[in-house]
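After this come two complexes, each holding subunit A, first together with subunit B and then together with subunit C.
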Partner chain A sequence: MTTTSPHDAGPAAPWRAAGLRRAAGSRPAAVAAAALVVAGALASLFLGAADLAPADLLAARSLDDPAVELLLVSRGPRLLALLLAGSAMAVAGLLMMHLTRNRFVSPSTAGTVEWAQLGLLLATLVLGSTGVLERMLVAVVAALAGTALFLRLLRRLVLADTLLVPLVGLMLGAVVSGVTTGIAYRADLLPVLATWTAGDASGIIAGRFELLWLVVVALAVAWWQADRFTVAGLGEGTAVSLGVDHGAVVRVGLVVVAVVTAVVVVVVGAVPFVALVVPNLVTIVVGDDIRRALPVTAAAGAAFVLLCDVVGRVVVHPYEIPVGTVAGVIGGVVFLVVLLRLRGRGVSA
Partner chain B sequence: MRPPATRHRPALLAVPTALLVALAGCGTPTADGAADAPGDVLVVEHAQGTTEVPRDPQRVVVHDLSVLDTLDALGVEVVGVPDFEAGDALPGYEDVETVGTLHEPDVEAVAALEPDLVVVAARSSTSFDALSEVAPTIDLTVDQADFLPSARERVETLGEIFGLEDEVAERLDAVDALAEETAALAADAGTGLVVMTSAAEVGAYGAGSRFGLVHDELGVAPADPDIPEASHGDVVSFEYLAETDPDHLFVLDRDAIIGEGGTAAAEVLDNPLVARTAAARAGDVHYLDSFAWYIAPSGLTSLETMVGEVHAALA
Partner chain C sequence: MTTSTSPATTAHEAGTGPSDAERRAAARRWRVVVVLAALVLLAAAALLLLGVRGDWGFVLGLRGRRLGALVVAGVAVGVSTVLFQTVTANRIITPGIMGFDALYVLVQTVAVATLGTLVVVTADVRVRFALEVLVLLAFGLLLHALVLRSTASGDVLLLVLVGVVLGATFTSATLLVSRVIDPNEALTLQDLLFARVGTVDRQLLPLGAAVVAVVAAAALRRAPVLDVVALGREAAVGLGVAHRREVRRAFLLVAVLVAVSTALVGPLTFLGLLAANVARELLGTHAHRWSLPTASLVAVLALVGGQVVLERLLGWGTALTVVVDVVGGLYLLVLLVRQGRPHTRGALL
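And then the complex of A and B:
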């Protein structure tokens, strides 16, 4: 998009307007995010259906000790999975925000999540319950195709209002989700679909989350290409004049977003608002330089998902509320607050 | 699930029922008599009131798989069934006319079959009113809070309609006797927990739940007495299973019935935390028949299967 309407300030505008002041806020934000991750990690390790106290671990003398086993089989893997999923989804949201130059576009408002779910369902129908890797591959391809379609649509439509862009994405996602539900209904897979659509970490133990390590590769690519993404976020015209191949950057970003979304959907399920709320909050404080915002976004995303999961484990102890449900409630409230604040300040909304 | 409003139905139905009785009375003086004359009717009490049903109806449409399970066991032929896939559980209905899905009966398709009797229950009970306009309809939904006696009553109603009271009574008495024997065994069997696995997610069910039969009537002491009576189960982690440590783990594999949806239950439960439970160490992890427990829990053969499975588990 090369429009320069006053509404289309894009995420780059606040950064340019207040770059220095915002930059100064970067270090405290990073420290705060890191502190939240540590707090979330400790809570995640020591709160759950079974009792596990740090003292139990210190008292353990062998790897067969029940406390150690609990840590290695259940708590540890769950913590790692949530860390990976949360940070990756938040970074995916940050990239989408820049690729579309719109604060409200994330994998969940662009239909990426819904496409990944459709791919997962189709793969399950065709391939059966075996072959997690194959199923994930199909989900990645579907997420990629769907998100590319969304970006193409955006190029066709010259949208004056920033809010229309995510609206188009939401509509597209709703259509895809409708198709998915229809197919699942026909195939008697509705309950299975429900467990995919609500992110749920209760089943995560050692041996059932390792695919999530793939998102580390995606995160590394995002980090490596961070400056290019920042420039792409300034708009195609600016990017090209600065010697950046805008199309290539968009393609790389698309692949990162699609891989992250599909892997997380396959392993954990959809966790709403992480990709939307976290990058928005972080860029308000840190600014839009991706190299600076990325680590803070990753940490804040991980902390958000960890804390949501801990809340879900504690409120109905020893049973659980899926992390996706908690994230939906907390994320929704935070999002509304952010939205109202942004409007109040006159920042591009 | 029945809508809360059903409580008032009997009163609402009283007027049309009275009219029907009057009309029927014109042709057959013995409205509720013992005569076997054609056109003889029976007043059937069911979950949504009372309905006049012809004795031994020939054209029966069934919307519920529990009811179909019972009729199948009794050798009663039906002319319409919902579109269902039950694997090997209920074979031989491929050529029978389908009349909508398990949840949504197709009223027009039912009307086209010109049935003498339509039976709804549980998932299809909300269509009672619409179907009643088409043909005599009864709702054989079972009261979950009073499961075995209520299921028995429903099966007996079917036996009465089709004149198979003796066979029904014999089989139900056998179920009751086995249930009593099971409860006696349960007294010394330690604790039990019922879980349902679905796409690698585990839900726990307690007393009063849809699988409450295990605790409520068959007497297995709940490993966790605090599980709320949620019909969809409370999501639990594997460490919950380790912590609850039941002596008997009853497992329902939902993916097994709905196709290739997820990982099979045995695979889901194959981990060190479950292996730590008393049930796993003693070989007391019992996989339940998903058709009987999940799809058609109040059918005659389902009742036999369910009580039989728990009995075998504790014996």
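And then the complex of A and C:
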């Protein structure tokens, strides 16, 4: 992230004048991401245990046709769920990156995901398995509280080292997830917990993903507030001198991130590295202006998750590997490469 | 544990005899070791004898094996962490944090996936073990060649981050591979990997105990050389120590120890960190002839004492590794946060 003194900022488009990185590759990147989404979507629709070919759909004459039914009940909802979850998590990662001014911070490296899982577990213990909405609310509150705690902790790290910050977040997440595992072990809920911790799209059919539409609201808020987030990403001092209420922007961002993370954890489960890898790669190409980066990030996140899901379904056809597991391997490798290459170039972040 | 009784002598005072302060420090270290050893004996007795009902011979045999596994694993973790921290010249990375344990589990899984359960289970434990050690050693040397070489302060955080991500990626890869194999084989694999403290492999325990005893003795014998290695590569080379060879030897020992401890009680990501640092804190010295046995005692105490508390007082059974990881994770969090404050900066590196 480029830092500049507030004096450089012009009145018209301050963040641009302030010398934010903006590469020329914005439009090609958007087109590429969109193409990947379409390819992933097609693969996602027409691959699976049951055969479904585009020709079957064209040949269908009524809504009762088995091909159409398969599309409406299973493949369609699954595709939508992955699209929504992937794009929302990637955007949540983009926001976290700007709010903490650290490109290695995301809901999965700040403990947000783990807090949401803990909330979900506690809600399940207290409320039973009924009341999806209530469980989700508890998960949102837990994610919100946990992330706020992390930001608190950050303020105490005087020399907020670029690499120290995500490490602290990861450790916090590890501790919280250990507590969650311990509680689940005591309550004989370990198998249930396993289905939440590894994001799995195989159970998503019509009627089980509609909660995910909530993330569209969160994404809309992010889009609406995009310029404020960009300015907040320049640091508290700069933001305030540009007339932006830094604290308010951080609070809005926190809520968006917590809602997105909790909803995705409740419906799909954790999909690791999406929120970390995708915004990093996108901002390298597109630059730090959130209004430009947001749509590309959303598309690339959706594409990443779709492709991971397709890989998971192809490798052991007709069985499948959970999307979270595939994302854990692919995302982990990509992140390591990014980390080591950044260091190789002597860039701290 | 140490055979020598002479007080510590430092280079500049060699020949002049120990000073009063040194004699007092040595006496305090002896006290620490004796108290820890007494606590370990107490915990061991509690683990063996508390609440025995029915056939004493049977119960003691079962619990004896459990105790044996915990003791051997504890010593392996203590010694391997001290060695690893010495050759990597910092105090916050451990084999567990760098993903060695997770890699061991992955290797087991891949072996079952490629060779089949039958081959893996019926293979001679010694052959299996030797192969696993070889893979771990190769990983250790690769890590060293790629990332461990440079120990500039910023890089240490990078290392820990790389290690944590590697561990997460290995874990995801393990899940992925275990999904690819036949469900029946996966079940056997689970027994193989998660046998843990309850049912320790009959063949593995004596073999592991013998191997750990030999390795620990070898490390202790090289304590003076290791003290020099701990000064860093340049200083060590300047003092006439073959740094490169020592590092390679230490990695071999670490690989052997990690394989033993993971095979006996499963991955213990943060225990080593706790043991090595608590030992140094108690001793007030980095000298290996003190830190190797003391770290081992702390690790054994944590495992055996933890098992007693969980099993006898709380009735939690086999959740020990979870609890140890939560406590260890919290400890690393504290270390990291402390490091982020200016006045303690550099103290850990």
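We take it that the second predicted complex is superposed on the first by the 321 of 349 C-alpha atoms of A that agree within 3 Å, B and C clash if a C-alpha of one lies under 4 Å from a C-alpha of the other, contacts with A are read in each partner's own complex, and residues count from 1 in each chain.
By definition in this document, a residue touches a chain if its C-beta (ideal position, glycine included) is under 8 Å from a C-beta of that chain, and two chains touch if they have at least 3 such contacts.
Since the structure is predicted, the reported quantities are computational estimates derived from the model, not experimental observations.
> After lining both complexes up on subunit A, report clash or fit for subunit B versus subunit C.
After superposition on subunit A, subunit B vs subunit C: clash.
> Just checking: does A:Val168 make contact with subunit B only, subunit C only, both, or neither of them? Give me first, second, both or neither.
Only subunit C is touched by A:Val168; subunit B is not.
> Which partner reaches more residues of subunit A, subunit B or subunit C?
C
> Is A:Gly76 in contact with subunit B, with subunit C, with both, or with neither (first, second, both, neither)?
Neither: A:Gly76 stays clear of subunit B and subunit C.
> Touch check for A:Ile321: first (subunit B), second (subunit C), both, or neither?
So A:Ile321 meets both subunit B and subunit C here.
> Tell me which region of subunit B runs into subunit C after superposition, given the options 25-33, 223-231 or 259-267.
The superposed arrangement places subunit B into subunit C at 223-231.
> Counting contacts the way the document defines them, which residues of subunit A are shared by the two interfaces, the one with subunit B and the one with subunit C?
On subunit A, the residues that contact subunit B in one structure and subunit C in the other are 316, 319, 321-322.
> Looking at the complex, which residues from subunit C come into contact with subunit A?
Its residues touching subunit A are 146-147, 154-155, 157-158, 160-162, 164-166, 168-169, 171-173, 175-176, 179-180, 269, 316, 319, 322-323, 325-326, 329-330, 332-333, 336-337, 339-342, 345.
> So in the complex, which bits of subunit A are touching subunit B?
Residue positions touching the partner: 48-51, 66, 69-70, 73-75, 124-125, 128-129, 187-189, 191-192, 195-196, 200, 202-203, 205-208, 313, 316, 318-322.
> Flag every residue of subunit A that touches subunit C in the complex, lowest number first.
Answer in residue numbers: 104, 153, 156-161, 163-164, 166-168, 170-172, 174-175, 178-179, 181-182, 185-186, 198, 272, 315-316, 319, 321-322, 324-329, 332-333, 335-336, 339-340, 343, 348.
> Name, in rising order, each residue of subunit B that touches subunit A in their complex.
Those in contact with subunit A are residues 85, 198-202, 204, 224, 227, 234-240, 242-244, 254-255, 258-264, 268, 271-273, 276.
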